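Handing you a structure now.
Labels for the chains are A, B, C and D, by order of writing; each one numbers its residues from 1.
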Amino acid sequence: MASTVIRGGTVVTHDLTYSADILIENGRIAEIGPNLRGDETLDATGCLVMPGGIDPHTHLEMPFMGTYSADDFESGTRAALAGGTTMVVDFVLPGQGQPLLDGLQMWHNKSGRASCDYSYHMSVTWWGEQVWDDMPKVVEQGITTFKHFMAYKGALMVNDDEMFASFRRLGELGGTALVHAENGDVVAELQRKLMEEGNRGPEAHAYSRPPQVEGEATNRAIMIADMAGVPLYVVHVSCEEAHEAIRRARQQGKRVWGEPLIQHLTLDDSEYRHPDWDHAARRVMSPPFRDRHHQDSLWAGLQSGSLSVVATDHCAFTTQQKRFGLDDFTKIPNGTGGLEDRLPMLWTHGVATGRLTPNEFVAVTSTNIAKILGCYPRKGAVRVGADADLIVWDPEKTKTITASAQQSAIDYNVFEGHEVKGLPRFTLTRGYVAVHDGEIRTREGHGEFVAREANTPVSRALSTWKELTAPRPVTRTGIPASGV
Amino acid sequence: MASTVIRGGTVVTHDLTYSADILIENGRIAEIGPNLRGDETLDATGCLVMPGGIDPHTHLEMPFMGTYSADDFESGTRAALAGGTTMVVDFVLPGQGQPLLDGLQMWHNKSGRASCDYSYHMSVTWWGEQVWDDMPKVVEQGITTFKHFMAYKGALMVNDDEMFASFRRLGELGGTALVHAENGDVVAELQRKLMEEGNRGPEAHAYSRPPQVEGEATNRAIMIADMAGVPLYVVHVSCEEAHEAIRRARQQGKRVWGEPLIQHLTLDDSEYRHPDWDHAARRVMSPPFRDRHHQDSLWAGLQSGSLSVVATDHCAFTTQQKRFGLDDFTKIPNGTGGLEDRLPMLWTHGVATGRLTPNEFVAVTSTNIAKILGCYPRKGAVRVGADADLIVWDPEKTKTITASAQQSAIDYNVFEGHEVKGLPRFTLTRGYVAVHDGEIRTREGHGEFVAREANTPVSRALSTWKELTAPRPVTRTGIPASGV
Amino acid sequence: MASTVIRGGTVVTHDLTYSADILIENGRIAEIGPNLRGDETLDATGCLVMPGGIDPHTHLEMPFMGTYSADDFESGTRAALAGGTTMVVDFVLPGQGQPLLDGLQMWHNKSGRASCDYSYHMSVTWWGEQVWDDMPKVVEQGITTFKHFMAYKGALMVNDDEMFASFRRLGELGGTALVHAENGDVVAELQRKLMEEGNRGPEAHAYSRPPQVEGEATNRAIMIADMAGVPLYVVHVSCEEAHEAIRRARQQGKRVWGEPLIQHLTLDDSEYRHPDWDHAARRVMSPPFRDRHHQDSLWAGLQSGSLSVVATDHCAFTTQQKRFGLDDFTKIPNGTGGLEDRLPMLWTHGVATGRLTPNEFVAVTSTNIAKILGCYPRKGAVRVGADADLIVWDPEKTKTITASAQQSAIDYNVFEGHEVKGLPRFTLTRGYVAVHDGEIRTREGHGEFVAREANTPVSRALSTWKELTAPRPVTRTGIPASGV
Amino acid sequence: MASTVIRGGTVVTHDLTYSADILIENGRIAEIGPNLRGDETLDATGCLVMPGGIDPHTHLEMPFMGTYSADDFESGTRAALAGGTTMVVDFVLPGQGQPLLDGLQMWHNKSGRASCDYSYHMSVTWWGEQVWDDMPKVVEQGITTFKHFMAYKGALMVNDDEMFASFRRLGELGGTALVHAENGDVVAELQRKLMEEGNRGPEAHAYSRPPQVEGEATNRAIMIADMAGVPLYVVHVSCEEAHEAIRRARQQGKRVWGEPLIQHLTLDDSEYRHPDWDHAARRVMSPPFRDRHHQDSLWAGLQSGSLSVVATDHCAFTTQQKRFGLDDFTKIPNGTGGLEDRLPMLWTHGVATGRLTPNEFVAVTSTNIAKILGCYPRKGAVRVGADADLIVWDPEKTKTITASAQQSAIDYNVFEGHEVKGLPRFTLTRGYVAVHDGEIRTREGHGEFVAREANTPVSRALSTWKELTAPRPVTRTGIPASGV
């Protein structure tokens, strides 16, 4: 296999910034240093060479009401690479009563078309002895993160006792718990009430999932994880209430991470008040966009480290699909795109404004999640031996985001019309140049499954602490004794 | 009926301190002023004349495993009066499927022996259409406060959707929601696990109900009450975690009150490490006593107003009854005494130390709860026309608390050996001098049921605000319209 | 003197709501009850009878650059009465080196024209042995509250060591400390820098006094008061940062109160971006109006009790006076009006929306501050024997605020164009009907000085606690001893 | 120069854990990988190979009352190396009116004897045009961090306006501000008062510097740094109050770091109640040791990232020197040792308990501060090209800390009797093996000055943000215009 050199750029990792060339052989980084030579040369002059983005939160070809979310592993990973993301982590969603390993097989069947590497989170969508038995097998296959839905009552939702049981099992297995945190009971009842009162439009989606409901569930998941002794990762943190719960937990030494989405960092709930139904419905996702003051909270979380990862929850539905919910907002499929736009939007609003350093940008788009997931430094690093998942980032390159030019299969883009400055010149997936100076050269099926390690350092430290502080019986002298 | 004058004292209300005599006729305050005359005179020289205490949290003759808690309405109210408390509010506990009004009748059957006035909270121990239908009838009978247990899984516990439905119903009826806030799912599982691991003693009771579990449930109840638009009263707030949730809610303008118990204000979890099993088991209550730093939080809450009421959760079990749980802490009946000791203990540790003013003492032992419950100024006030539920308080009088001298039916006292300074010289219940200079003259059956008003000012203000900020549909121009 | 009866109204105090007539004799409340008769009758049908407002923060005829603020004790108290306020508390401002008692005399000279009762706060504008010696004499004259300016460098500002000394002295005297909390060093430097950079307009006034600067000083004053053992009252709390500091202190049991102004509750900093210089300059006050999200914080503070009093900081300057600062924002005299509008604006935005109950309205406009200042229940109460400072409030009466119809001497009104609902039908000052169904009948010179009591219950409780927890020497065995 | 190989160990950085040998040539890391060979081999079997510790807070040979702190650059760095610390950063303390560069020269004169590398912070102990002019020259010499004392009134303390001026200057120069945060005015007055009251012993040192006083100053420094647009590093954060201020700032996106000391993490204020005067006096440092609950806060800060660096504030005085303050605690020289014990104590109480991962241990003892100071990755990294400042850490090695076996020149140790588990087998300073399996082989004068870079990524990002959000004048249409 031919070697490639990235020449003349500035390497930017979560840790460091320095000038160096990078030599790639057999899909891996072979050398980092000055004046390297290879068969092919990519000119990185004026550019930053960074670890490719990792999006830990996608739903590609997700089954929904007899159809599927519009981006599959091919178009989804093509969009990812176009925007500088070189790995996605999708959610396996077993059906009610379906063994976890069967669900996993269904996802393996779909992901064969991926153009970039990928991994999965397993979802615990029901509870029983078989799930308990399957969990170690799933971990053995390199899937160490298990998602729990506290919302979607009657479908994906699990109750507190199920969640507690699953969390404890995960703690034993050295895995990490994930939660979609909204109080599903309250959401279901608010939905019913809003429909009854004639609040049937997409704005009612936001009314039915207020920040309090997310904050509550986040707080509850944190307590249960603490009791279970398992690290917790809260997906799509959209509001101050949830962020506050995470901060408060971290202030007590708890091992909890939060993931804001690029959508919540840059868009707000005024979108739902748009007079065009389609416009509003296309923005329907859970949690919904929030009032603007929540954005400040999320940005500060990235700056201070109380929030760790920026993701997309990419789950693309066409306008046609969105219209399932024309008369009933509860039927609008939940989800928006974002895979192609995450990095440019975050650079533009985060780095160019001075809210984040370039190193922090790499941390929150790639390195932090690689560590949390247990695939660092194979992914998320610029380091000899690591996979050559790299982006050559041109901080001066601009474009206006528009659906007509995007890779995603859907007919709109929630960032339509936004100007971005900062775009990939090249995107490499295990050494293959999938994006070449604006040209998309992705290869269907190039992507491979990434198995991950359980028992991360944080997981082990937490177990040590929990063992040290476990309840101990009091020694008594004669039971029962006397006295008042 | 003969008139009585309290002579030469200093009147102390939640609001004011001033010298005056008080004339009592027909069980009510007839006049307040200088140099009053009546048939009987009580010498209040050197004393403070205050509204009698109201204990909003008792369980008298509470059914438990085929027996009853040891203090019934007679001995319980005798203990109350001995300590300066002139009204108790007990919890009606309907059985599973039992109509609320049937439950109420059972409580009326028991309370006939009460020596002081009393009222009830209704408990929502199950949910169904009949409960929904019964709720307004209960409110009409003057019972406006409804308790919900978030713990005691498989028995009293209600789920989030039931609680939300009940809270919304209460909001419509102008009532107030009460919660026992602990996550019952987690407690049940911790109990199972502790027993399995050989943690079978009373200390494991505390291990099974850590502060996090209380904090979580408090936070959840607050969110649900906010969504339902109903004021919330959190009983037995024992820890910083729950207090923090209440403070945070109040800081957002939510209408939430918290009730610490005198036990949690003055005792700590070292009691459970006592080598004598009886000693520890006698202190088993839910929530359990906490690590000492939680006490500072509770005291500061009383000082700042983030906590409003000091109660006892008086639910007395004899040592014999406690020993039901000799080999299994989950079988130890939950509850301690306190009715006789609440006021002297709070005065000693609160007023004599300077943590509370005498007026604040009256507020948190009497007036605040009268307002919250909707029986002010009939109760909780020194005011012409108000019930003459009064205490003549001698701030210099001292004693050492001991079970051998107490009114309660049980054989121990959790405050055994504590010195108190500040005790009632006289306690009057609707004008009758039930405690006369140390002599107990209570009359069985003297007490009457106190019907209370719904739609308190706070309840009405909250409804106005919720209506003003209710979700409104967005007006759309052609659905669906076009555009990206 | 003829007696007056207020007939047919609903009495609303901070504590209670009930139907009663009120009989007034000799300027005091003589009787409260049904069917009272007197020489004159005021029809209160459909109205609420409340304690008159107390505005604890005014600057009438305040010396400024060789002239005076435009409202003097006559026009200022006339505006007050017109809006339902029956007592004002003004700030004595001794000059540098001027004895406190001399300053006091200057204020007595001005206040003779007042139409309603008044009191003073003393300001500690410099420090020295004479101030130390004068403080008890001032307290003896019934002035128990001492203001300290942490801003206005080179003029009124005192340093930390001076403030600490003064606070300790006050603690000994049983008084209460007041602060204007902004970091004067930082403000002065920001002013210099902004002017230098060409930011010379009224908007730069706001830039020079950001919320952080207020929050910092508030936090500092709280610490110093805690070390000194004196209760603290923070005037004009305008932002979340200052409110947070107060909340945090109260959560620790500290005795601190906060006073938001009606302006900060209802207006925001967009006023300074108005293209008309006059419009912006007329809104120049310190602290400046804030970004809208601070308002939510202040309202929630009133609801939860973390903020206690709504005032105005009434300090009226004409447009002509404001133009002193045409080329230099630092020369624009600081201050706005508000005396006439405080109650109607607060009722409209607070009670009519459901944010506050009517009782809470009374508390924050009158009763709370009467207690804090030590003149309750002479003022702030509806109670036999209290001064008949009363308002008959018509909650249905409306008007549009406009300068052309106001009592204040200035030519504009910062609330111009605001609709209010809820206005006084009658305002009585010690029984005299100064406002009669819209007609202003104030009497110049009717007002009297109100001497106040030191050693309030809170002050005494705090002293007890501080004595109890004072540092004690460790007993040592031979000094120095041995060992490592 | 002979090459050295560290063989058979596990490399642990702030980022990663992996097995590798390390080849060292010419004082730098030449290669990292399997099976390396060199002239000398150090056996790291069973050991962790980590970046040497960096202690950013020492006072070696510090002038004090005509004498000096007992550890000079020779004994101090010897103690450092013995405990695994390979770089210290000392504070240049110019005299009043002394040019900064003169002060710097004085420190250079002393540091020539250092056995390991070192750098300096400059202290701004007075303010004037010369200081302003000297600051860029100091930065050019690689000293980019400037310390400001908010305490030590009459000596080192600077006022708010001086601090603000200095911070603004630093912001322009791309430096970082450091503060010793205690309110010096209040401390001075408390000292005076305590002495007057007869509180003259070392316990009064703690009484005179309560947590509130540290929290206040921390909060103030943060505000001033925010106004000045400069990153802030708070040294010796000892209490929840200061930590809370830092957390709150970080939650708002401010660039603030906090440094707890190993002493405050592991010792508490009960030390001052020891009956032996010497025992107590030897623990006198500022801030003093705190009540135990502060420790939990500090540990959680390290876990969550709200605190970044563990230091010592090593400033060793002999018992003889401590006795200067026999009758007057204010004369006891402030300072304790710790250089030799920091890493073993932190490993024992942090890593072995599970509170910290080994990677987090490296971060808080070395890498984080190297980044903050601008000398990463030359220091704080295991990376080809980096200085070979390395420790071979044996996690199973134990000892009992005792003064009799320590390197420090003083006659006691504040950790006397503490068992530690986890000690260096080898310590290398730029490749030289200064500690060899327990044997101390330090070379006086081996240490070199480390110049550091200004304009770190955080500094640049902050400047970008401050420029973006700087105040802008409002455009006005005719000044003054009309209207109300």
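We adopt the following convention: contacts are C-beta pairs under 8 Å (C-beta built on N, C-alpha and C of every residue); 3 or more make two chains touch, one makes a residue touch a chain.
In UniProt terms, the chains line up like this: A, B, C, D = D-hydantoinase/dihydropyrimidinase.
In this text, all values refer to a predicted model and were calculated from it rather than measured experimentally.
Chains that count as touching both subunit A and subunit C, per the definition above, are B, D. Path length between subunit B and subunit D in the touching-chain graph (shortest route): 2. On a Cα centroid basis, the chain most remote from subunit B in this structure is D. For this pair, subunit C with subunit D, the centres built from the Cα atoms lie 46 Å apart.
Centre-to-centre separation between subunit B and subunit C, using Cα means, comes to 37 Å.
For subunit D, residues touching at least two other chains: there are none.
Those residues of subunit D that touch subunit C in the complex are listed here as 159-161, 164-165, 183, 185-186, 188-190, 194, 197-201, 203-204, 207, 210, 212-213, 215-216, 219-220, 223-224, 226-227, 244, 248, 272-281, 319, 323, 326, 402-403, 411-413, 416, 471-477, 479-484. Contact residues on subunit A toward subunit D in their complex (touch as defined above): 15-17, 247, 250-253, 255, 296, 299-301, 303-306, 351-360, 376-377, 457-458, 460-468.
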